[in-house]
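Dropping the structures in below, format is structure tokens.
There are two complexes below, and they share subunit A, which is joined by subunit B in the first and by subunit C in the second.
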Partner chain A sequence: MVFDYMDYFVSMSVGLTGFASEAIAPEIDPVGIKAVYLQAFDEKLPDGMAEQILQRYKALFDAAGGKPGNEEQLVGQMLAGSGTSPAQILAMRQLIFLWYAGAWPTVQYDNSPSRGQTFSSVISAESYTQGLVWRVMQSHPMGSSTYNYGYWAADPPPLSAYLENPV
Partner chain B sequence: MSIVTPPGGFDVVIVGSGISGSIIAYQLGKAGKKVLILEGGPPVPKSREDYMQTFFTADAKTPESPYPPTTQGASGTDNPLGQPDPATLNTPRYTVLQINAWQDPKQCYFVYGPQAATSASDPQMTFAFGSSYERVAGGTTWHWLGTSLMHLPNDFQLKTKYGQGVDWPGGANFYTQLLPYYRAATEVIGVSSDRDPMVDLYKTFNVQPNGVYGPDYDFPMPGIVPSTNDALYQQNVTALKIDGIPLFVTPTPQGRNSRPGKRRQCAGNTNCIPICPIQAKYDGTVTLAQALQTGNVQIQYQSVASNIRLKGNQVSGIDYLSYDTQTGPSTGGGTAVGKRYVLAAHAIETPKLLLMSKGNPGYPNGVANSSDQVGRNLMDHVMYLAWGLAKKPVYAYRGPLATSGIEAARDGAFRSQRAAYRIEIGNEGWNWAANDPNTTLADFVFGQNNSQLNGDSVNAQGTALRFDPTLPAYSQLFGSKLATTLNDVYIRQLRLGYLIEQVPDPDNRVTLSSQYKDRLGLPRPQVTYRIREDYVRNAFVSAKQASTQIFKALGATEYTREPQNAQLSGPKASATTFRYQGQNFIFYGAGHIIGTYRMGSSPSDSVLNARQQSWDHDNLYMVGSGVFPTTATANPTLTIAALALQAADNLLHDLG
Partner chain C sequence: MPQTFHTFAAGARAPALPLLAAALTLALAACGDGNVKPEAAAQATAQQRWNDGPPPPPLSPTIPQDVSVPQANPDLQDLQDDFDLLSWQSFVAVNWPAGPDGNPKPGATIGPDVPTVWENWKESREIFLPGGATPPPWGQDTPPPAVCKGLGDATLRLTQVGKTPNVLDESGEPFETGPLIDQNGQYVRFAILTNRDMFDNIVANGLYSTAGQKKFGKPANFALPKGSPKVGAIMIKSAWKVLGANDNAARFHTAKALVYTNPDENEGVQAACKLQTMGLVGLHIAHKTQSAPQWVWSTFEHVDNVPTQGEPIDKPRYNFFDKNCTTCQVNQPPPRPWNPNNPHTVPTQVMREIPLTDSTKRLNATYQALLQKNYPGTVWANYELISTQWPTKANNPIDPTGNPAPSFLANATLETYIQGRVPQASSSCMACHNNATMNSQLPSDFTYLLQRAQ
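Take a look at the complex of A and B:
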């Protein structure tokens, strides 16, 4: 069951997104977007692929001492092809897109100067508002601001605040 | 719901409950007149949360995306955006998603004829129309931006002053007569603005301080604070000139609350288009509710006006068709009768209704159309978009979608040569220009280059556009490098929008499709739209040059995409690209649908007189931007509101 891998899913997502686990999957997590994303990750991919990717990550993570701190290095190995197929690498990249945009991408490559196009489909209202793009731009989802009048006249808190904390 | 006719009948029947229809209803209802509104769309929802949910889950976040009828369904290979067939909908409307599907009437509500031009530089080239509207109670201000500027005296005398287009009836006097109504219109909308910058701006156009809404005027609310993005322009554009006119930045008067009032204070959701989640932004439902609260105004929802009846030269009733569900069958209908009639269904649906009403003896070309001007002179503020990346963070995507503009070049001697424009400073990065944040995200995750940030793209000045030259082209990033790269890009994104004046062209028109109908069996609009005049095209050349200068002055790199050569035929025929003076241009719609039942000083070349009353039928009035003889240079809705208030006075005068 893919949900048995939730801890590894979060850890791998930390490596893929560049956000701290407190920011994407806080301990007290009323939104619980990680479950929505894990489910989408499982459902959108061919049968069993999500689980294979997570098993591979688990193996690397455990072999490296089973402690947080080197998530980025581990996913880097996987994206470079260590124990992963091209289809699995693409799936991991789709997961990055999902975390950032809250939408599942369909990527079409071609030989044009733009190398093709990417279309995407929003998973849910929550996934749209939880998308990391809004945090990485030091802002808020379009259509859902928790700020007050006039905030836009001053500089926002530093990026690190958005990468490390739930907003 | 059945209509309960008051004793003595209705004084006035209004078609449409947008800002213009609602203003008339409120003014008349306040004065004790009995009013019936026929509204084609569904009622105002009890909570805007349903519209919000629809918006959040929409894949394409267009201005129409929150509102019924649904813009997107299941996609297929020949219908990638999943557009519903307009023939299956009771109140279909044009959406910006349909622009690229313009050649396919199964996806596009408007029907277009075959391309008339032989090359993309041929002025006879026809285009998809760039702008859209809503068919729901409250109308298109559900998704407007809220920019609330006045027109200028010279806008009303374009022919006399500059030899272009036509004058408004009364010319510059029109402005003086409109001033008290402009003033009242700012109260209706609840405009936030400081007086001083407006006085300074209008002085540059020879409008004296008292001319800014009249003596002792101040706006209902203080100005909205400008964004950090505006500050960059404020500091840098003052050394520049366009056509000899020095540039400066003006904070924009806006229909959104700068402090809590009857509605909530703007929280900067950066989502004014397509929907303000907290109704800090004014919309037509505000005035509609006030109208209904007078106790004298009734509204009949889901009732589509389909025919105007005449008795002699007087309107005697308006037929309508009702429905229960958007795709279901018609469930009835009737005829609404009053002493006076007002059409407020906006600049496409109003002429369509007039043209559909051709069964009356003596009026074979439709109601109010003895001049043959109904449906003609369709215009928009055609937009040139430019975008770039600032050297230092400006923190885009924060605050209302636009808080300032460069208004200085809205009038001047150049107007005998080229169209005027105002420049809107966008606060939402490349959201509109390049469909960001998703485009840039996809590029750096999947190694593509649709944003031009991640490949070998070069701009018109020869500057390499790859964002991080230390990275290879088509990089695929992850982790902290992805996060910091995206951050670096998003917070620097700049966008300018030029709202270019268009001039009336009688061949730009709305007619009725002989072939295509909606679910109610009503003919769909057939649209012919061109930008033939060098006067307008010259403004694109000017806008392009101005952007390059402005971005240079800002120290920013320009990313405006050079449009591909236009394709003239086939299902993928270019919708809004043309070639002029050896350069390709693409235009965007401003949402300002103007003309189609203009007022004028002669019944031979206009539909309405200066009272907005039909020359042919004196108990029929029309309101909205369809009455404008020219586009002028401000966004239209403050003027629409002022004119609606004036028309309400005319109606009250008539009714005695």
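Take a look at the complex of A and C:
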């Protein structure tokens, strides 16, 4: 069996985003944004980097027992530089941005006090609406709502419903 | 070369994505070469479906109450297949020959081109009467518009020349819509009908009038109580073309209809009425089932309607496409002013933008063969399911649309100009109808019909 990149991509993304697997990659998934993001993750990075990151995650995952539940701890190790280069750490941060904003960020460093700027490009109309930032806000994308007419006059559902994580 | 590793152990929580995981296993085998094409691989896997399971049940006049899911652990494609099967079962049942009481004719079978069960349901015109009057009971006709009087009997009165603008206006987006003109230069006509369960709900709750909706004072709800033996609310939206000299009427389900031009629909248009032979070209079936509070949306078309973008244009003639026209702009509505009384209007050049899946095509072929075998030469074998939209997460607290699958669905005769895959702009039954309200501004349970109340 070949390396199942998607499984590890989703698992690593659970750790990076803090969202449950069912929230970012539902079992019955009519949108399939995870496939779009994995493709973007692969294409936007230098050749082979996405694979290297996923292989590193898999190594840590297997070493930790090969079971879901400690994704955040594993990506924490990687973001702290355990077996990862600065470029790979940046790539993982870019992936966080992608999940939350539906856009791929490019960082341009300079000597300004802020040390540079981040420019981002939205992957697609669908990635824009799928951004996790809207859930954290208990809101919906500007210009795209699936709520019923008049929703603005009612309290939003609890945060746990948006996160699909028990809180 | 890709590395070889084990995947997650079976039963682990995280992956559980058999369809896409399998597809991406294939796609990402080339990941190191920068050649990731998960979408194409997912489609390839999804197409290995339908007819792997048992054959469809026998043709029946009974509309299924709900979808049947026989698979133990269904994936997205399994469920889509199940809903597509529900669509075809429903199509067969509602198009069953009607007896004198409007119910399926005892001893009859689907096949002959005769008035159908759904054509005996209540037209919207018969429910939402001037002044908010109480509609006549089920089974009792409402007189045709005055301009139609004396033109003879008709099985159906077609009063609309475009998908009601209210539907799109209420979404708040500047959707481009308009009438559809066939290759003979004639306007396509539409009618919306409801079944008895829906009609009874409207009448019992007074929702046929603006005053009644105000008095009702809460969102409309067409759900049946759990365990009810009834079939539940069903709406049918139909599209018809005038059968002219260039049409082979034997290929269509036909109806002699009073084709009424409503002067309220387009400015400066005179009321008119003609008794004409019409051919069915499009059919939406929307069914509120127990498992789908967002309704199940099935849409069918005549097989000769339009070619699909990216697929061969191999029919000798289409109802809404001229294969010899090289300058025709595709999927553009005719310029205003719109007047259905014009003797001839430049035909609309229509193509399907989202192709049917191979699985749906196989199911269509299966049912078309069943219908042919049941009644050789039947017109009903000349219709095809485009797709079925259903909620993948019916009770999602943060998304009342229930995460519909497929995300977009359009009938080339009913959503001609809003096909495609652009959120908020392209046709999605649930996303659009989720915005529907009554005249009281309260939600109307996915139907815009209640806005027709006076």
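Following the convention adopted for this analysis, the second predicted complex is superposed on the first by the 154 of 167 C-alpha atoms of A that agree within 3 Å, B and C clash if a C-alpha of one lies under 4 Å from a C-alpha of the other, contacts with A are read in each partner's own complex, and residues count from 1 in each chain.
FYI, a contact is a pair of C-beta atoms (placed from the backbone, for glycine too) under 8 Å apart; a residue touches a chain by one contact, two chains touch by 3 or more.
Keep in mind that this is a model prediction, so the values were computed, not measured.
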Partner chain(s) touched by A:129 [first = subunit B, second = subunit C, both, neither]: both
Which of subunit B and subunit C A:48 touches, first, second, both or neither: second
First (subunit B), second (subunit C), both or neither touched by A:21: second
Which superposed partner A:31 touches (first subunit B, second subunit C, both, neither): second
First (subunit B), second (subunit C), both or neither touched by A:68: second
Partner chain in contact with A:161 - subunit B first, subunit C second, else both or neither: second
Partner chain(s) touched by A:88 [first = subunit B, second = subunit C, both, neither]: neither
Contacts of A:10 with subunit B and subunit C, given as first, second, both or neither: second
First, second, both or neither for A:150, with subunit B first and subunit C second: both
Intersection of the subunit A residues that touch subunit B with those that touch subunit C: 71, 125, 129, 143-144, 147-150, 156
In the complex with subunit C, residue positions of subunit A that touch it: 1-7, 10-11, 14, 21, 25-32, 34-36, 38-39, 42-43, 47-48, 50-51, 55, 58, 66-69, 71, 125-126, 129, 135, 143-144, 146-150, 156-157, 161-162
Partner subunit A, residues of subunit B touching it in the complex: 52-53, 55-59, 61, 80, 225-228, 258-259, 265-271, 275, 277, 393, 395-400, 403, 427-429, 431, 437-438, 441-442, 445-450, 455-457, 474, 476, 478-484, 486-487, 490-491
Residue numbers on subunit C that touch subunit A, as the complex places them: 2-9, 12-17, 20-21, 23-25, 28-29, 31-32, 34, 36-39, 42, 75-76, 79, 392-393, 397-401, 403-407, 422-424, 431, 434-437, 441-443
Subunit B contact footprint on subunit A (complex, rising order): 15-19, 71-72, 75-76, 79, 92-93, 96-97, 100-101, 103, 105, 107, 109, 113-122, 124-125, 128-129, 132-134, 136-140, 142-145, 147-156, 159, 163
